[in-house]
Amino acid sequence: MTAAPPHDHLHREVPSDDPRVQLDEAAGTFEPVPPYPPRTEREAEFYTLGDGEMFINMGPQHPSTHGVLRVVLKLDGENVVDLDPVLGYLHRGVEKLCENADYHHTIAYLDPLEYISSLFCEWPGVLAFEKLLDVEVPRRAEYIRVLATELNRILSHSLFMGWMALDLGGLTPILWSFIERDEIAEMLASLTGQRLLFNYLRIGGVNGDLNHDFMSRLGDWMTRATTQIDNNLGLLNQNEIFVRRMRGLGTMDKETAFRMAMTGPNLRASGVPLDFRRAHPYSVFPELEFDIPTRDEGDCLARYLVRIDEIKQSLRIIDQCLHNMPDGPIMAKLPRLLRPRPGRAYAAVEGPRGQYAAYVISDGTDQPFRMRIHDPSFVHLQAVGTLMPGHLIADAMAVMASLDPIMGGVDK
Amino acid sequence: MDAALKRRLQARFGERLTAPIHQRHDQTEIRIGPGDVPDVVRTLHDEADFRFIVLADLAGVDTGSVMQVVYHLWSETSSDWLRVIADGLSREDPRVPSVTFLWKGAEWMEREAYDMFGITFEGNRDLRRIYMPPDYQSFPLRKDFFLPDDAARSPGAGVRHMEQSHTPTNAKAATLIRKTRA
Amino acid sequence: MSLVPGLGIAKGMALTLKKFFEPKATIKYPEVRLDVPPKFRGRLQLLYDEYGTLKCETCFQCAQACPIECIDMGGVDTKGRYHIHWGAPETYGERRDESALRRSGRPVPNQAYEHFDPIHPDALMAILERFDFDPKNMLHILESTQAEYGHLPVAALKLISQKTGAWYAMIYGAASYYRHLRLEPPSAEPLAAATADARAGRETTFLASFDAALFGGTAPGASHGTAIAGAESPGTAPGAGPARA
Amino acid sequence: MTAMARSFSRLTLGGKILFTLGPILFLLTIGLVLLIAIAGKPIVDFLATNIWLVRFVVAATAVLLMSVPTAFLIIYMEMKIIALMNLRIGPDRVGPFGSLMSVIHGLKVLAKEDFSPTGADRLVFTLAPVAVFMSTIMALLVLPFAPGLFGADMNIGLLYLFAVSGLSVVGLLMAGWSSFNKYSLLGGLRSAAQVISYEIPLILSVVGLLLLAGTMSLNQIVVKQGGWFWNWYVFQQPLGALIFFIAATAEANRTPFDLTEADSEIVAGFATEYSGMRFGFFFFAEYVNVFVVSGLIVTLFFGGWNAPFPWPWPITLNIDPGSLGLGLLFAILIVPPLLILALAAPFYLGRSSMPWWQALIIGFVLFNLLVIVAITGWAFVSWNWVAGLMVFLGKSYLFVFTFVWMRGTLPRVRIDQLMGFAWKWLLPASLLNLFVTALALVVVNK
């Protein structure tokens, strides 16, 4: 701990004794410097301005921070010298809430963590509970889970395409991808009952079988999905402005990616073919055929293209699920009151952003003793601290968008 | 369950383990003392027959009597998740060495554990609260946290929010804002 | 990126111009509304029956099942009694069974999550045709169905719901309310035991005498198909009822 | 004084307006009458000898009045066209196909609080939108809309236009600096860097054209492109036209060069702290600027008010209403009602459910449409400035559409790419264009 920097450059003379004037002055002279002495070395270092540098406060209300993220940027002209992300604007204390809910109810709390990939937030929790309880999930339920989550992955990735373009100034792709997203959301709504927070997976199965509405929508969509997605992507994938801005931007090599504890497409864009569906198989993924798309560049364009390739692999998986869908029950026989034996279980799934995981400790009661939720957005967002410095503000936003954080997951 | 991993772990860290290795489903669990964390984790990360290069998760746990820090690691060499539990941290002053020297990405997870449990990670150079307000005084995920009391110990009034000024010259104005809000 | 500079931009421009003339995806919301999916879970609402009374029985099961505690009920029930079922949420299923036992004198299997066996629908279609697919004749339909299949299979109930247009829940409610209707094959031993346990002593004798006094033993049994005796002695084999005639 | 103020404050809104405007109008009327009575003759004489002054005042007024509907139209086009490209419907509630939406936006902007942030330099903050708007309006003054329809035919028209449109950057810089906001400052500085960089290729790309035309008067440039469409300078200066188009896009701060108000980076740039009508001025200026730039491209490279080909069969209408005598009066009185009845009849007879008055209303509207079409056609044929205006506006709005289309398609470039593109590509290319043009002229003239 060092002493507070003097902030002399920030002082302003208040001309009047009138408190209203002082209020006005206080409102006008905001600098994003914390009012207390720095707590750590890093904070002291960050909040000391060098020659010709200035702070700019971005968020929590800003058009491109993907939610309520606040980033204090230290700028030299338009170059980002350093940055300090400030979290907690959406913190709901889900882990604490889960400790006070019983095992079934926990699923509803896991749902709104990442509000565009809800099924992936439910899945690790449910998997961990099943491990605690030694439940055998029926095969049909497993296939339905895979089918629904792969749809959710396409939904999430297609929204990412739109946001990426929006942060680079393109107005149109976001709306086209929202059309895509809306079709999938309607489809999942007819399967799960909701469009956004599905609350569909249950301990030992799923809530409700495939129905006619869902299957007809899915069949209709599958016949044109590939061409439709390719067509929409044709707007930007060859666009010189887009490609020139993305290429070589925010490059992250393999070692850095491991050091930053990255997973998912962000890691695969750096050339590591690590996909927990293959690397640590769960559910019925060992029976399904799909490739793991990787890119070696590690830049924003690679992260963008890896996600595009993943959409195609997801379509393959959905196709296989539809062909291999077994018959049978969709719920395991379970008592209504779940009291797992004391123990610990960890489960992870490969989501659209990386590894979604849950670590549950049971003490033998009907509520989890400790429920730890691991969210990839949280881990990936801290990579902006290493990727952003040295770029312009415009690129800083693009780098953040390419990591695809969702603030609901970051703030838990 | 990966029996080979269990044998290797036993052979390599035999005397350091504070409890027998526990295996269930696809998880292998070892318990070590908090002082051994850097050595053990570095060995697990570097040595050729472990190569646990992916830090899957870092979590704090309050068991009610002691504090724990739980690391989940993944490796190509094993089909199991490896769970390393740094056990036996005192509840009064829980301290454990940081693993940011290996995984810089653990920084925020350690900040979160500090924020929620008050576990001090020695060596993390940015260990401050991440979710809760900076002047928050209690640690919400601890088992002795009681909501109305402990939340009230951390008065929101003490935080000058970002709309308010921070300069001493404006102290009067800030007080006024607080009064008008109250 | 193509070799010709500007080609990608030109392609994108052409694409947007093409979309300019394509049909639009907007749904003009207040005028046009999408159908909600059948499984839709929307805003909570209390329903009224045809006499204008609340259908809510104040069982508090919804309040206990709600994970985010947005349902919070308290006070009096529809009959003016202060009535509260507050307990651990996991007793939900037990109390549901208990309630079913109280209403119909036997446990009702929860078939919401279970796989059900298919039936051969020809006989059922004949029955439905006989009753003109009219939901007002539901009791007759159910009784004939039970006479045909020995009990009321879930598949049959679903088919009846589909063909008559009555809600499955109503048919299920009717089937579980009348004691002479069976939802499971009567040979199921645990069920019989449970029924015998539930309808212990006083109630059994009272009901038996009541039935005897009311129906005089024969007349309603002949007109309604299956015998009430089927419910009173559940051990008898299916298809033994006299309704085939 | 206090008593007066209090009683004034008790008046209704209408009363306030009446009590303020009434005396002023009264005094003005008396002053005007006195002025005419005392100095009427000299003033009229002065105006008669200096007719350019009258012309200038009229033109300035007309341009000011024209600018707001132009902005409304372009804002509506932008909303609607981008919406259709996004597979949306866009505005469709106010007016036919939502066409009054931008008017409602304008009214909304008027109704908003006129807010200026603490710490702002109030004077500069207030003057900045005016400066931006004025530069745009002044540029509009020299555009030749049609033969004889222009504010002023300067022999340095093009130079004046570049000078004046370069002034807008002063306004943007003023706004960025005075807002006391770092986003605004970044936006202002970006716009300064961008506009000044792109002025150079913008002007250099036209120099070749000036060599061909031999004049800087915009009117003369248009006259020289008369006849068939291959006389347009775009076919003699294709590279120049392309450079001019790109540079003009940057000059007008349009996508993909809209860095000054890049919402995903610096919120709204220089306009971050503006609200109400001050923001409205920026908004109007931006869209009028789009029209100015389109009009300039049309004027310089696409023949201005010249139709693509000369009309091969000149029509002369010799209508002399005076020859009808008293019949004219009867025609005016009798023909419209008869026509209305004739137009209404098929609707009334064809649909039994329609009441007579509805049929009459339909007939009246149809009659009005007919008359409008007839008068427009007559004006189109008889006065060549009407035809010229229509051709000019048609071409200009085609380019406005192109700008909007680009906005719907393209992402934004980065600031260093933008500058690099200006200095590394556009500047050498425009110099090359100038060199080739000069060489060709020398060769041809020899």
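By letter and in written order, the chains are A, B, C and D; residue numbering begins at 1 in each of them.
Here is the rule we go by: a contact is a pair of C-beta atoms (placed from the backbone, for glycine too) under 8 Å apart; a residue touches a chain by one contact, two chains touch by 3 or more.
Values in this document were obtained by computation on a predicted structure and should not be read as measured data.
Student: What is the shortest path, in steps, from chain B to chain D when you may only step between chains that touch?
Tutor: The fewest steps needed to get from chain B to chain D is 2.
Student: Which neighbours does chain A have in common with chain D?
Tutor: C
Student: Between A-C and C-D, which chain pair is linked by more C-beta pairs in contact?
Tutor: Answer by contact count: A-C.
Student: Centre-to-centre on C-alpha atoms, which chain is most distant from chain A?
Tutor: Measuring from the centre of chain A, the most distant chain centre belongs to D.
Student: In whole angstrom, what separates the CA-based centres of chain A and chain C?
Tutor: About 40 Å, centre to centre.
Student: Distance between chain C and chain D based on Cα centroids, please, to the nearest Å.
Tutor: The mean C-alpha positions of chain C and chain D differ by 68 Å.
Student: In whole angstrom, how far does the Cα centroid of chain B sit from the Cα centroid of chain C?
Tutor: Using C-alpha averages as centres, the distance is 50 Å.
Student: Averaging over Cα atoms per chain, report the distance between chain A and chain B in Å.
Tutor: Using C-alpha averages as centres, the distance is 21 Å.
Student: In chain A, which residues are in touch with two or more of the other chains?
Tutor: Each of 25, 27, 29, 172, 176, 179, 235-236, 239, 241-242, 244 in chain A touches at least two other chains.
Student: Which chain B residues sit where two or more other chains touch them?
Tutor: none
Student: Please set out, as single numbers or ranges, the residues of chain D touching at least two other chains.
Tutor: 85-88, 408-410
Student: Just spell out which pairs of chains touch, all of them.
Tutor: A-B, A-C, A-D, C-D
Student: Name, in rising order, each residue of chain A that touches chain D in their complex.
Tutor: 24-25, 27-29, 54, 56, 62-64, 78, 165-172, 175-176, 179, 235-236, 239, 241-242, 244-245, 392-395, 397
Student: For a test of understanding, state which residues of chain C touch chain D in their complex under the given definition.
Tutor: Contacts found on chain C: 9, 12-13, 15-17, 19-20, 22, 24-26, 28.
Student: Chain C touches which residues of chain A in the complex?
Tutor: Within the complex, chain A contacts chain C at residues 101-102, 104-109, 172, 176, 179, 182, 186, 189-194, 205, 208, 211, 213, 231, 234-244, 328-331, 336-338, 366.
Student: Could you list, by residue number, the parts of chain D that touch chain A in their complex?
Tutor: 82, 85-88, 117-119, 180, 182-183, 186, 190, 255-256, 258-259, 262-267, 407-417
Student: Please give the residue numbers of chain D that touch chain C in the complex, ascending.
Tutor: 81, 84-89, 92, 405-406, 408-410
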